[in-house]
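So the structure is just underneath, and the comments pick up after that.
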Amino acid sequence: MSLYAADSHVKLRRAQSLIMLSLCSVAALVGILVLGLVLYFLAARGLSHLNIKLFTVASGDGDGFAQSIRGTLQILGVACAIAVPIGILGGIYQQESKGKFANTVRFLTDVLNGIPSIVIGIFVYAALVLPISQAYPGKGYSGWAGGVALAIMMLPLIMRTTEEMLRLVPSALSEASLGLGATRWRTMLSVVLPAARGGILTGILLAVARVAGETAPLIFTILGNEFLGQMDGQVDALPLRLFKYATDVDEKHNQIAWAAALTLILMVLMMSIAARLTTRSRMQEDK
Amino acid sequence: MALTITTSKSRPGDKIYLGVLGFSALVLFVLIVGIAATLAWQSRLSIQATGFKFVTLSVWDDAAGTYGIWPFLFGTLYSSLIALLLAVPISLGAAIFLAELCPKWLRTPITFLIELLAAIPSVVYGLWGIFVLTPFLRDKLMTPLADKKIPLFQGAGFGPSMLTAGVILAIMILPFITAVSRDILKAIPKAQREASYGLGGTKWETISKVVLPYSRSGIIGAVMLGLGRAFGETMAVTMVIGNQAAQTDSGISLNLFEPGYTMASALANKFNEAQPGLSTSALIEIGLVLFIVAVIINSCARLLVRLTGKSVNK
Amino acid sequence: MKMNVNNSKDEEIFPSVIASIDAHDLPEFPQDICIAAENIDFYYGSFQALKGVTLPIARKSVTAFIGPSGCGKSTFLRTINRMNDLIDGTRLTGKLTLDGEDLYDPRVDVVLLRKKVGMVFQKPNPFPMSIYDNVAYGPRIHGTKNRKELDALVEKCLHQSALWDEVKDKLKQSALALSGGQQQRLCIARALAVSPEVLLMDEPCSALDPNSTHRIELLINELRKDYTIVIVTHNMQQAARVSEYTGFFLKGEVKEFTTTQKIFSSPSQKETDDYINGRFG
């Protein structure tokens, strides 16, 4: 049998291989094309409507979303203040309990992570906003409630990364400390936690980036505001403003929505890049 | 649930420390139970009024005080199905391309693009859906096919529709399923591929008969996770689905060009009009149903992955 | 376990030379050449892994390649079925022929080539399927669909690889449940199932225990009657036990190629002597 003259069966198989692989490449091309179109329109339309006034004027006063940006930052701040300490402590718990309840806790983080954001929103509405509004008519919707909703979404993310990062710390390190007679909390606080610091920070940044664009939970909690609001009342957030302006009949508002989308993406992107930079600098430290 | 940790030497400092830790872990448990309990409690009016008919009734009418979510439930299932049908073949093809065919210089930019797109918030996809995808589908697909009477490909056809929602969902889960599947394909040992090539297998034979079966459980997991995302997705869908039940007795229609509702979009959409009392309670019950469905899907995904994982490793 | 029954017997006859090789009759260079390498240079990117490799491989006999790690012996083995094609940025110059046909001719179909030149890898790599499906994988892709034909072929190959008695009752069970040694014999059966002419073995015993190793060596001794076998090994005793011809590789070059008997008794090169006597490696 010669190696040169392929019989018809081999030719058929080669053709089949070529066709299927071409189909895969076409699929990749289609995917990239569609996703490219999304990015193209965001960049093109966003840039053409972006101007500095958007960041200084509140929606109620003119063409801008200054109050939304401030609101988003405030709400994210509240969310971090709640989720970061609890998330880190919960992550440490998983590491310290050495698998005893870790599986249960991991399962629970997965469950919480899999709950749609809108359900978190309606939960905070049902648990906080509704009771307060029933007790004090006219109150209820607040920046705090929005912060709580986003904190619930961040919590499982932070717990998971904290646990993973702590697990990467060599056990010899903590054993050395325990062996010197240090208590467990001292060992964790002064030896293990500092070693995992960079990774945990990356996890927090990624969690913030992920919830920064969330809209559904905010519909039920902060309601929105065209002016700068107080945290204990209705406030605005960038994704919420974007939603309202995108579904508005006013064409001017539609254009601002594109600019808001670009702004939002740049915010998310900056946080992701910051997260990546922390990881990189940490890796260089390790070298 | 006991969340204590046994210590060989109990020191007071450590006791407090472990207590604090246990409390933090407990928060998760309390939260999940709390979500279920709160939603159930706050929807008690609706549960009492409608009972199980809540999921089978086709009418949602504030004036009549009738609340049924069958069209929403159907819309959630149908739009997710459309999304999976569109996204899974493309994602798998793209994942195979990235893992097996892609030249090195192209790998980094594509990976970056995928990560970028996975990070874009859903409301932004919704914006794109309203102003780019909806007019495109209307002008290029719905209007030309308007009088053709092709099964499924008919309906109101004014833009926002079940199809539009399915397509936007597909676009959103595409980067996610692609990225996870690519990682899984990459993790298949080189020895497996070499064994197939060494026997004279073509590239496609190696991929389809060795690599894909080997990674089956992981890919099923990726698809299920994508499904979980599509199911609970709110903003993008709300913005393009039309938020209108089909004009049929059952309130549902298989026609792709017909507008519809999903549970999440109905919840977001009807919230502004809700009156205190039964109306609000019924909305919260939608949240409860979504919560239950989400927990079921996620548990199934996990179970399925574990079962297929076992059968492969036997 | 069946393997234990044979254990004591095997160890008793653990000989220094298994093969019934009549070493004295062997010419220093093989007469009937199956594969011929002429001046092969091979590059991974800018790194040259093979330098002017020239050697013959005798038909229906065992040729062993020895040498320290990174000497190019595995690389050379993988040029014979063009496995290196799978790695980006590799390049080969020189002439490599199988039955007189240039393996790197653009007209060569690697599918046909690899059907003709089977390969057994360093670590047993059965597919995560049943034992039967593993052996039937090759014939199936090459177009054998008939169930009876496949059954017969699977049985024949498992007999050839001395695995049949151990697995005949569990052909439908996963191949991953077999022991390492059994897995490797399954991989040999799988390679035989596409009826190759040449069998390449890349350190087939390096992941196995001594007993399994011995069984593979016995198997190689059986297979030499029907197949041209090329084996890369770290284990010099193994080369001495199973092969007729041996090539000694060092830093990408063939330092010495001759009969196994000669290379181990009176090597002509100092490096060969040093390596064989464990002065480096």
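Labels for the chains are A, B and C, by order of writing; each one numbers its residues from 1.
Operating definition for what follows: a residue touches a chain if its C-beta (ideal position, glycine included) is under 8 Å from a C-beta of that chain, and two chains touch if they have at least 3 such contacts.
In this text, all values refer to a predicted model and were calculated from it rather than measured experimentally.
Enquirer: Which word fits the touch map of the chains here: line, ring, star, complete or other?
Expert: Complete.
Enquirer: Looking only at C-beta pairs that count as contacts, which pair of chains has more of them, A-C or B-C?
Expert: B-C
Enquirer: Hey, how far is the Cα centre of chain A from the one of chain B, in Å?
Expert: About 17 Å separates the centre of chain A from that of chain B.
Enquirer: With centres defined as the mean C-alpha position, give me the chain B-chain C separation in Å.
Expert: Going by mean C-alpha positions, chain B sits 50 Å from chain C.
Enquirer: Among the residues of chain A, which are close enough to touch at least two other chains?
Expert: Those would be 13-14.
Enquirer: What are the residues of chain C that contact at least two other chains?
Expert: Only 111-113, 141-142 qualify.
Enquirer: Mind pulling the chain B residues that touch 2 or more other chains?
Expert: Expected reply: 202, 205.
Enquirer: Can you list the chain B residues touching chain A in their complex?
Expert: 1, 3, 5, 7, 11, 13-14, 16-18, 20-25, 27-29, 31-32, 34-35, 38-39, 41-43, 89-94, 96-98, 100-102, 110, 113-117, 119-128, 130-132, 171, 174-175, 178, 202-205, 207-208, 228, 231-235, 239, 264, 267-268, 271, 280, 283-284, 286-287, 290-291, 294-295, 297-299, 302
Enquirer: Mind listing the chain C positions that touch chain A in their complex?
Expert: Listed in rising order, the residues of chain C that touch chain A are 98, 101, 103, 105, 107-109, 111-113, 116, 141-143.
Enquirer: If we count contacts the way the header does, which residues on chain A are in touch with chain C in the complex?
Expert: Touch list, chain A to chain C: 1-4, 6, 9-10, 13-14.
Enquirer: Which residues of chain C touch chain B once you look at their complex with the stated criterion?
Expert: Where chain C meets chain B, its residues are 81, 83, 86, 88, 110-115, 118-119, 121, 123, 125-129, 137-138, 141-142, 174, 176-177, 187, 190-191, 194.
Enquirer: What does chain B use to touch chain C in their complex?
Expert: Interface residues on chain B, with respect to chain C: 104, 189, 191-202, 205, 209-210, 213-214, 312-314.
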